[in-house]
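Following this message is one structure expressed as structure tokens.
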């Protein structure tokens, strides 16, 4: 059991080797190997879930081995209630993405190897308990993303890939500065990179002097970390990489990007920013809430004006991640739990949306709701693709927060959490739900209702493979919408502990 | 019956099971699974009837209730308790709602098997119906606002799907989206109310809210901008009602909702779902009072009742007339809430559900039998009908009963409930002690609307069933109606329950003209405003235990003609009611008479009135320009423009200049530095040509991108470094 | 006269010539030749030191490995040259601009 | 005497040929000069008493690498094609121009200066002694290779294998270019 995490972490790496060793031309073997690896990983995460003790808030399955002794860097892994849902989500989405990528024909080997590499690095981020290790995985993750977008993307892929890379890299550099600063302020001791040892708000009295000005250590470096993670979320002024990256990326990468990678930003808040700088977090929670509500409204309004389906959904991700930010700013049990739940639920629902758009794209090779010349890109899909439409309805209503589907509970918990602290902000943010329904339904109306337009008549309905990989997500969306307790139980203790910590400041 | 969640849940679970079965394997079942849905709702009806029997004929006490909860979400950790409960809350009102909803729904299910026959998506229609019934029954059984909200939205979804049922039509898409979005405006407000209440009560259970209202927890709390919390929450809940029950100013969606199949219009957009808003306001009535919102509510109700009735005057589509009459009748219920006529408002909800369902089903029966062989569609336009009573006598009979009921003719249910609302409004606004001058308008509008209602309903009847057939071909193709189980029986059954005697022992419902005596005033006796002081000592009852309340003795309620008022006040009230009853009979018959003159005797020319009030007529045709205001101005001009500007700003300005601009800034800085260098060199060094040439060579070499040059620089730099440090 | 300094001098002359060749020449083959010279210049140093300073045979092992590495590098490098020639029909190093933006 | 002659001859050969590599116009000639230069280096090894290294040098370098280079030159269009920059009276080598040549010489000289300085201090700091006599090193090198340096030895074999396969892979003619 001690090595379970390492198994999950390194299994995709084994998969990479296996994929690379496959003889040329055996593309199907590559696909099956990747699928097998991701499926086994998913099963292993389920084993992890079954053996997880939900009553504990501490790290479980922890392992700590020295890595670079000179700098007190450890290979230190562990999961708690915040990271476990993310790990399960990651492994599930990757298995689904492998299935959805079956139709990729351009350098199959490289594509699947990069996907597996991405999976391993994402696991690394969610499991690391050593700040240095966390940072390393955080950076490694950029590499496969860059190539996946730049090689397998749409027509403007280089621009999007470079933009994505530079944006995120800018954030990581600020994070690196913060990490190094922490290393020196803790006296380069054996716990300088230990995330668990750092947390608890030990830096309330430290001051740093930059260019002759004195700053509170924790307030200054809270913002360094904040920007680093906020770019990944993305929070309002740093969000513009997202539409580009989403529109250009291939379907599976969009799914991973929206489903998992955005969560790494908010996970960073929960794992690093809030526990290490609790005082500054509480002090600046209003700012976080304001940024969150701007995200919600701004993202939704931008989404409404889009004529490209994928761009629309990309902006809706901006809007939905704003809810997560609101939940984090609430700093109450319901808000925080809602935020973590929203991270999970957004992962499933938005993954559904991107997969569905990808399925459509494979048939139509364009994504215009309304083309630039004013004609309809799609029309009457409901008549043409009945089964597809039903799945689309489930995904769409989960995304707009219909009760009974997953999005609602997390949003309700977030609102319940934040109302007492920021009433005005809540009143504004609730109207984000309205806008959210508006742009999704408007899109749905324009694409699915009415007579079938001429070019849509050749589209075929979803095939068995597509239904097969949409099914787990549909089930997750419905089941966790009705009965979210399995996930809430995992996270309750860990989130509660974090709230207890924050409430002391 | 032992009331636990387990024993009550089947009401909900039967239709739910039907939904699940139909959703997954419905297409493979014989008859596409319609019998599954029908059996589900019939079982549910049986169960509801049993509860109704228990509550109405068993305990016969107005403050008896059953309240059971279980924990749905528990997030408590350490010092932070937080849990969300779900559960059931059954009192007399719930019991009646259950019976009404399941009964009406069962009949509509049966009728649908006639109306939808041959539709390519026959099975799917029943799937939606089952889901909808689940939602409505769940809403009625809910013990807290959050679960009310959940089922409320679920019904919104069903409504969306059913309005968009004929998705080949572009207008169906527009209408369904309009319906969902308009009601969602109210829903969002409702959610805000939940949040506000939660911040004080720590739960949104009805009993907890009553408890906190009784102990005055809402006093002194401020929501935002200095608005008292009670007013804020009450307003927001009422905004939910406005959205769901299509009140002014969010009434626009309901007429468009008639795009859906007629049985679903009957079920959702007339009888049950739209009444959910009123039901919610009734449940939260103590909060409305605490928030001092009643006058506002009365105004909204009166404006809606009157405005919708005027629009209904000129409609030519039979379903549109019924849609506007629905809005108008819902306006009456809201007016009833506003004027404190709790009991009558709820009674009107029930009676309206029955006769409006019947009206819609009758309309469906008419529409279904009128088949245009040129367009292959059903005909809904009244100008093409006429004289149909000979062709379809049973439909005519049912519809006539309902028309009399809705017009407020004595002996019919509409008269009993509407008359009491109008009487209470009269007392509240004009004759009562506490009546202020500004309260006089709602009752006046109410009576005016009653007159208009009688007129336009009779106009509809006369245009449809009387006179000569105006479209001969259509008339000839219409088959003679035969008595059939799934077509006429539901109509006639519903028509039977439009008689007033089922609801009240007296003619006016006030015990004034006693037909059968006090014993049959069960409705007035059983439904009373929630008395919040009863809940002062309330503590939560946990899941699954036996009903502790069974041991508590409740006084059997008796009919009290003076409603607990002092004798003098009761006299005033009764006087007002007598006047009100007289007036409403008068206006009803006046309306019928004028309609008779215009459309049967033809001695009055409707065209004259149209010409005289042509500007108003135009406004009515445009539905008072609300669609124009909302869609063309607010959404197209304002919201979408703002959105487009924002999106253009985001990608075209912010991203292009602020983010990508970083690169340009770098390039410009480089150029500036380069220019500066050249400039300085040009002017300060005498050897201009040489220096320029050298600089050119240098900069070209530096920028060459050639490996060897870089290598050389590397060598030189290393050499320099070594020479510098070691020697 | 022919002590350590002599041998080191030879080695350095070889090394610097190699550097100069690398910088001055534009042919990829010539650059590879320059690299060979550099490697040999370094190898001479090892052997010279082993004779005059440490007096063991470790200094002889290193030239062997250098030779091995040089052989490997030459093989791969020349293969790249040939491939490059197939694509560009020249071996001028300034033509290798595909990675430039 | 033989020893001194050997030293002088091989040193002269090495340096002169290296200069030749630098200044010659023709790439084939550069390869030939390299051949001689490496041969001279082998002679230097021999004069240092490193018989085994000297032989290896001749076998691998002179016999292998240079021939490989000649092949490469021939496969890539042969000599003369690239000597466009070599006109005028100045002896500017092919495939370069005056500027690169100048820079090359310049940096070479700077480096030489640097190295001379380093060498001066190094020689001053080490104790120089000379091994008397000459004994064959083959046996001892052999045992060193399989005992102390066995890891490096094995790795180098893998490296060679990799280089071999890699070179074959890269140079393999493909149609779809």
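In this document, chain identifiers A, B, C and D correspond to the written order of the chains, with residue numbering beginning at 1 in each.
What we mean here is this: a residue touches a chain if its C-beta (ideal position, glycine included) is under 8 Å from a C-beta of that chain, and two chains touch if they have at least 3 such contacts.
Predicted, not measured: the structure shown is a model, and the values here were computed from it.
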Rounded Å distance, subunit C centre to subunit D centre (Cα mean): 6
Averaged-CA centre spacing for the pair subunit C and subunit A, given as whole angstrom: 50
Between subunit B and subunit D, centroid-to-centroid distance (C-alpha), Å: 90
Cα-centroid distance, subunit A relative to subunit B, in whole angstrom: 36
Multi-chain contact residues (two or more partners), subunit D: 100, 103-104, 107, 111
Multi-chain contact sites of subunit B, meaning residues that touch two or more partners: 708, 712, 715
Numbers and ranges of subunit A residues touching at least 2 other chains: none
Topology of the chain contact graph, where touching chains are joined (line, ring, star, complete, other): other
Pairwise chain contacts under the document criterion: A-B, B-C, B-D, C-D
Subunit C residues touching subunit D - in the complex, by the definition given at the top: 2-10, 12-27, 29-30, 32-34, 36-37, 40, 43-44, 47-48, 50-53, 55, 57-58, 60-61, 63-65, 67-76, 78-83, 85-87, 89-92
Touching residues (chain side subunit B, partner subunit D) in the complex: 697, 701, 708-709, 712, 715-716, 719, 722-723, 726-727
Subunit C-facing residues of subunit B, complex: 705-708, 711-712, 715
Touch list for subunit D against partner subunit C, complex: 4, 7, 11, 14-15, 18-19, 21-22, 27, 30-31, 34, 37-38, 41, 44-45, 47-50, 52-53, 56-57, 60-61, 64-65, 68-69, 71-73, 75-77, 82, 85, 93-96, 100-101, 103-105, 107-109, 111-112, 115-116, 119, 122-123, 126-131, 137, 140-141, 144-145, 149, 152, 156, 159-160, 162-164, 166-168, 170-171, 173, 177
Residues of subunit C defined as touching subunit B within the complex: 19, 22-23, 26, 31, 93-94, 96-97, 100
